[in-house]
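Below is one structure, written out as structure tokens, with a few remarks after it.
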Amino acid sequence: MVVTIGFGKLGNIGSAPLLEFLLDERAERKDIEVRVVSSGAKMGVEHAAHVAQRLSEFEPDLAVVTSPNASLPGPTRLREALSSKVPTIVVSDSPAKKAVQDIEKAGAGYLIVEADAMIGARREFLDPAEMALFNADLLKVLTVTGVFNVLWQEIDKVVQFIQQGQAPILPRIVINKEKAIEASGLSNPYAKTKAMAAHEIARRVADLTVEGCFVVKEWERYTQLVAAAHEMMREAARLADEAREIDKAADMILRTPHHDDGAVLQKRKLLEKPRKQD
Amino acid sequence: MVVTIGFGKLGNIGSAPLLEFLLDERAERKDIEVRVVSSGAKMGVEHAAHVAQRLSEFEPDLAVVTSPNASLPGPTRLREALSSKVPTIVVSDSPAKKAVQDIEKAGAGYLIVEADAMIGARREFLDPAEMALFNADLLKVLTVTGVFNVLWQEIDKVVQFIQQGQAPILPRIVINKEKAIEASGLSNPYAKTKAMAAHEIARRVADLTVEGCFVVKEWERYTQLVAAAHEMMREAARLADEAREIDKAADMILRTPHHDDGAVLQKRKLLEKPRKQD
Amino acid sequence: MVVTIGFGKLGNIGSAPLLEFLLDERAERKDIEVRVVSSGAKMGVEHAAHVAQRLSEFEPDLAVVTSPNASLPGPTRLREALSSKVPTIVVSDSPAKKAVQDIEKAGAGYLIVEADAMIGARREFLDPAEMALFNADLLKVLTVTGVFNVLWQEIDKVVQFIQQGQAPILPRIVINKEKAIEASGLSNPYAKTKAMAAHEIARRVADLTVEGCFVVKEWERYTQLVAAAHEMMREAARLADEAREIDKAADMILRTPHHDDGAVLQKRKLLEKPRKQD
Amino acid sequence: MVVTIGFGKLGNIGSAPLLEFLLDERAERKDIEVRVVSSGAKMGVEHAAHVAQRLSEFEPDLAVVTSPNASLPGPTRLREALSSKVPTIVVSDSPAKKAVQDIEKAGAGYLIVEADAMIGARREFLDPAEMALFNADLLKVLTVTGVFNVLWQEIDKVVQFIQQGQAPILPRIVINKEKAIEASGLSNPYAKTKAMAAHEIARRVADLTVEGCFVVKEWERYTQLVAAAHEMMREAARLADEAREIDKAADMILRTPHHDDGAVLQKRKLLEKPRKQD
Amino acid sequence: MVVTIGFGKLGNIGSAPLLEFLLDERAERKDIEVRVVSSGAKMGVEHAAHVAQRLSEFEPDLAVVTSPNASLPGPTRLREALSSKVPTIVVSDSPAKKAVQDIEKAGAGYLIVEADAMIGARREFLDPAEMALFNADLLKVLTVTGVFNVLWQEIDKVVQFIQQGQAPILPRIVINKEKAIEASGLSNPYAKTKAMAAHEIARRVADLTVEGCFVVKEWERYTQLVAAAHEMMREAARLADEAREIDKAADMILRTPHHDDGAVLQKRKLLEKPRKQD
Amino acid sequence: MVVTIGFGKLGNIGSAPLLEFLLDERAERKDIEVRVVSSGAKMGVEHAAHVAQRLSEFEPDLAVVTSPNASLPGPTRLREALSSKVPTIVVSDSPAKKAVQDIEKAGAGYLIVEADAMIGARREFLDPAEMALFNADLLKVLTVTGVFNVLWQEIDKVVQFIQQGQAPILPRIVINKEKAIEASGLSNPYAKTKAMAAHEIARRVADLTVEGCFVVKEWERYTQLVAAAHEMMREAARLADEAREIDKAADMILRTPHHDDGAVLQKRKLLEKPRKQD
């Protein structure tokens, strides 16, 4: 059976832009089909309605909804529209913790990414380039520290339930520093502690962006705050990169490519063949 | 008038995942609406058909189609389905040059990104993490070297035509090293030459990934080739970052945020207000 | 008049080991005498008593008391013993905020250093070398981000009051990210935002060391937590260094050497003479 | 028996500010008590007298005297005042070699630290920030290259003699590059050679600071000389850091925490328990 | 028998300046004598004649001719003058591929170094310093990526033929990325892929220098192109350095010193004796 | 008049391999001809004789003799053979200071390069790759710190004398840290101090290589010493590179290309035309 996964995306978080590709990184999987519908940067209730409608027309077997702050009206609307029909997983950032009870009541799952910090969305600072660079740095952090591994592995588990005709058990996980590092596959213990440090720095970026976007009103002050936040993310990315380089130097990078049939293969040495996990 | 832009995405290239956000980086624009439909990593003809259908239901005023190698059947199908109804811009990578005549005949525009090199898509190498890291590095290169500026500025121009009720002149540009750097807004001449070097290194990544994915058959050899290609991209990102840091050190980072009304503001000093361009 | 400053030190914080040298960095000041008494790493009540007694014998005109968490019994005893006789300034870290009311009641001043994060004091991790390296990194952060400037400038102000025969107004300041950066003298705005980022990373080190030292009981987990905390501090130091290098590249390093008479001179260009501030 | 160690500090050298904490890095040792008395930056004969008097009142079992150039009158006075009563160890820098015979005649021991180079004490250059940064860099060098290990291990040996009621044999060691590296505990041979290189660069800093402070009279020239010297120290710190990172990458960092009873434990892997040395 | 090797050098390529020292790096070999004659930067036919004449007077047993583009008249003249009398090996860069048939017809051998990219020889850019820095970077690339190993090993083989009185089989090799890396002796697979990336970046430098020197006529444009090319080479050197550092961190640097008798010894660990290869 | 410069090279020093190219970096000068004769790594008296003979046959107007330690018999023989016939300049390293009186008596000039430190010529360490890397690092130091500028400018001056038919005044200069930096053309004062630091580190490399090659007999010890020395040189190169990057960031790199007629042009901004100096 081929499982169709429908991704409904409202607004942007670091976990969203590559999420569907994490499931099928070489476009070879025969066991899943992917459909994505998004309204871009905007995440109003009406956007949610449009996205929900088109995505439903694709008749997905599983819905994954991504947005900042899943407790807002738009994301709530999208989640509710989908979860009433189909198993639904919410992927969102720390403010989504407020919606956890609602999500559980609706029978949906959630993957809340603590390190997926809010961007410094002030007009004096954030332009297209700064937005893209922040996402590039954040991608590096989310990848190396293990966050992305949790995301795709949990979605893969649900896909497997559905393929086997079982009622899926949906994930309900807040991905914090220890959960992430455990999933990172990093081998050297200092690589792990550097990755954990990177994770924490990234998570704390949100303290400054929230202060800069919602608390401080003087433009010179908030511009500095959000700029400092982006410097923190750049640094977190640099540290994450350093962590991965340590594992390269020991030829111990964990690689977990997907097989055509959706199985996850595994290898450590660069020059060895990946094998199915036991 | 609010212009609705429909993004149809088949497969992945580095220019695609953040493209719609480049147009509205703080989700504040009132002059555009964005809709995205994608089939994820896969880009067959049937995927193209599905994407085209749902995207058309959104009734966009402008279509932007992203895919690797726009000369393949899937991207061609998607482009043709859309361009017959609505002004359409193709965003693709170097192999798309083969489709240029076709695209022009169909009355569509194109933005071909030379630095948007193919990923090292070999199962012995590419897993979800390696895929995400390659994209993170590539994002950094495409941003700093000016490629993204060309993309969103050209799409913005077409939006403006439509808003003004004019028949849009669609862009037909191969974004090479000189076009990119010119658009980069970098100020220091060594920042520019470093960015140009980063651009060229990124572009040449494709030589190794193509050789590794399509020419060499022995797995030990192709694994090394695609791994070397990703090291090149990591280096290109590092060099791009270095270029931007030079402009930071002179407080000369060009920032071009979008205003609510879609106008592009501009500033150089971190602590100054952005202003409308003349 | 020569003012004698007595430093009573209990335990260690990053702000303490060089504090007296910040006031007289070339040993040329004729207007102050310095005496330091310390009980080393320990900070019990009896240690406080010993330190207070000997320090009092030096008959200081001003007392500066340094310790971690000034609300603990030892630091409280030392502070009370001194502040009853002589103007006293408490220099301590974030947990000292709990003692602020007590300090004020006792008529003492305080300089609370938010970035002066607790060390990862677990036997599985912290040895003499790791302790020294943490302090080296922390010194770099406290210096570049402006924290040290606040410390010596505030003490200098009190010295001046005493020299002029006035009742000193004692400082009551929590040195946070904005206060620090303002005092840093950094010139380039990105240097400032990098310094602010370094400050915040350093401050957040304490979250992990507190969790690792007081909350988590499993030794494998707490060892990783405190190790990650030290990696954060190393990164903060690296970022602080980067900030200062930016000002070097513009020949804009602020230098504020003390004159023999205690006045603060000032200069920016490396090859110019320092002059008295207006 | 609890051994009381009295530290008398005149002026500053890199080995001094953390010296007492190297003996009891987590404030857990029950077998020693520490008392420190210092006159800050100044090191005149009268300062020595004051420090000696107060320190003697603490009735130490062992005295450790730190100062630049132990052959100067102040340090000599302090050393003589203490060594006539109590076993005394002099910790000083290279110029102290001139005092070696005197120290030996007085029955005292010495630990002369060749890498503990003089600071660039020129008013046009050295302000509080530059002083603190030099010390931060120097701390890194002294730690990683093994110098600090020699210091605390030698003092620990003397403590042990006293605890066992034996007449202590006092150390008489010039800590040069080979002695330091041997004590560094570094594992990888290139980490060792990098550390040795860092040690030599640090040692040679003194050539330039001595030339800049005592030989050259034109202020533009000596400002450049002492500034170059501090750049050398920054570089030495960077190289020392690089050496330690190599051992992290092999999970081979030697950790030698003190036990409560003063014994030195030992471990290499981050995630193992420290054990008593054989 | 002592073999005399005559090096005739016309113009400069990166492989030339240290070539003779690669054969006898510590000046200890008793089995060879070296003579070098060069006309410096110029490579006209008359220069070739002068060089050939003097070099012939040294009566070499083997000639090695180095120059850019061996198909030019000068290098051709030198090669022909020598190869008619003595076994001759041409060492040159990529454009020399055009001369391969000629070289073979003349009975000479060749070692064509693809990574030995042309310098950015424009007066607006290239001065003595820029020339030297480009060569320094290129040397690093050619060394670490294995190119130099191929060069000296192939010349050594011919020397051995001659010493044994055999008719030498001359090398005919285009040193590309895979040949180079194979000879590099690098141990860690990521070190190899980084070295391969460095090799490719260096090779592609020539694309920009050729465009900048021979195609583009506007001085602002070509200045930027050749400057970007040199930034690429700097980056390639940095990446090569990074590759070697990885092998240092594993204590796996291959060292192949020449013995006095010309034999090649071998070792990996820094602290072991080199031994003759089997 | 075209001046023929004959370079006689015995053995290798860092100043030698590119020396003739420093005079004519783009092979465009019409006012000089260059001839080089060398005996490679060896520098015996008989080698000197051979080199002298062939070089004399080229009938140079000016001779430049390069070798390590110009006071050794081989270099002395070469110098004497040439200086009796033609104006001769000796380029050598620090040990050549012993030959200064001899050189002056012979009427020759000298350029003694203090930073041109001896290589770590021990068989357990130095192989072709290590030799080449040391030279690459040294080249970077000699270029950026201004040493090479002194070399070619002084030779250019003598060429000019000869062209004007005057008896040349030969240079007699020991190039130390201050002479070098003055000639470096570096603009930013911190770039200068970093370059001076790099120069001093490079100069001090010789302390360790001399100790490792001539003093210490135990192979494990001398291997570490010479390896540490090469790490120092690598670090010096890194610091030199950092210095130059600072001037790039200010667009203030001094470029001094040679004109066809031998005149030295000058420029600072990357995008400006070089002009003749006043």
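Quick notes on this one:
Going by the order they are written in, the chains are A, B, C, D, E and F; count residues from 1 in each one.
Definition applied: a contact is a pair of C-beta atoms (placed from the backbone, for glycine too) under 8 Å apart; a residue touches a chain by one contact, two chains touch by 3 or more.
All values derive from a computational prediction rather than experimental measurement.
Under the contact definition stated at the top, the chains bordering both subunit A and subunit E are B, D. Of all chains, the one whose mean C-alpha position sits at the greatest distance from that of subunit E is C. When chain centres are defined as mean Cα coordinates, F lies farthest from subunit A.
Of all residue numbers used where subunit A meets subunit B, over half belong to both copies. The two sides are thus made of the same residues. Inter-chain spacing, taken between the CA centroids of subunit D and subunit E, is 49 Å. With centres defined as mean CA coordinates, subunit E is found 57 Å away from subunit C.
Our note on geometry: subunit B versus subunit E, Cα centroid distance of 40 Å, whole angstroms.
Among the residues of subunit D, those in touch with two or more other chains are 189-190, 193, 224, 227, 249-250, 270-271.
Looking at which chains touch one another, you get A-B, A-C, A-D, A-E, B-C, B-E, B-F, C-D, C-F, D-E, D-F, E-F. Subunit C contributes residues 248-251, 253, 269-271 to its touches with subunit F in the complex. Taken in their complex, subunit A has these residues touching subunit D: 188-190, 193, 246, 249-250.
Residue ranges of subunit C in contact with subunit A, taken from their complex: 177-178, 181, 189-190, 192-194, 196-197, 200-201, 204, 207-208, 221, 224-225, 227-232, 235, 238-239. Residues 7, 9, 11-12, 17-18, 20-29, 33-43, 50, 54, 57-58, 121-133, 135-137, 139-140, 142-144, 148-149, 152, 185, 219-220, 223-224, 227, 234, 237, 241, 244, 255-259, 265, 267, 270-271, 273-274 of subunit F touch subunit E in their complex.
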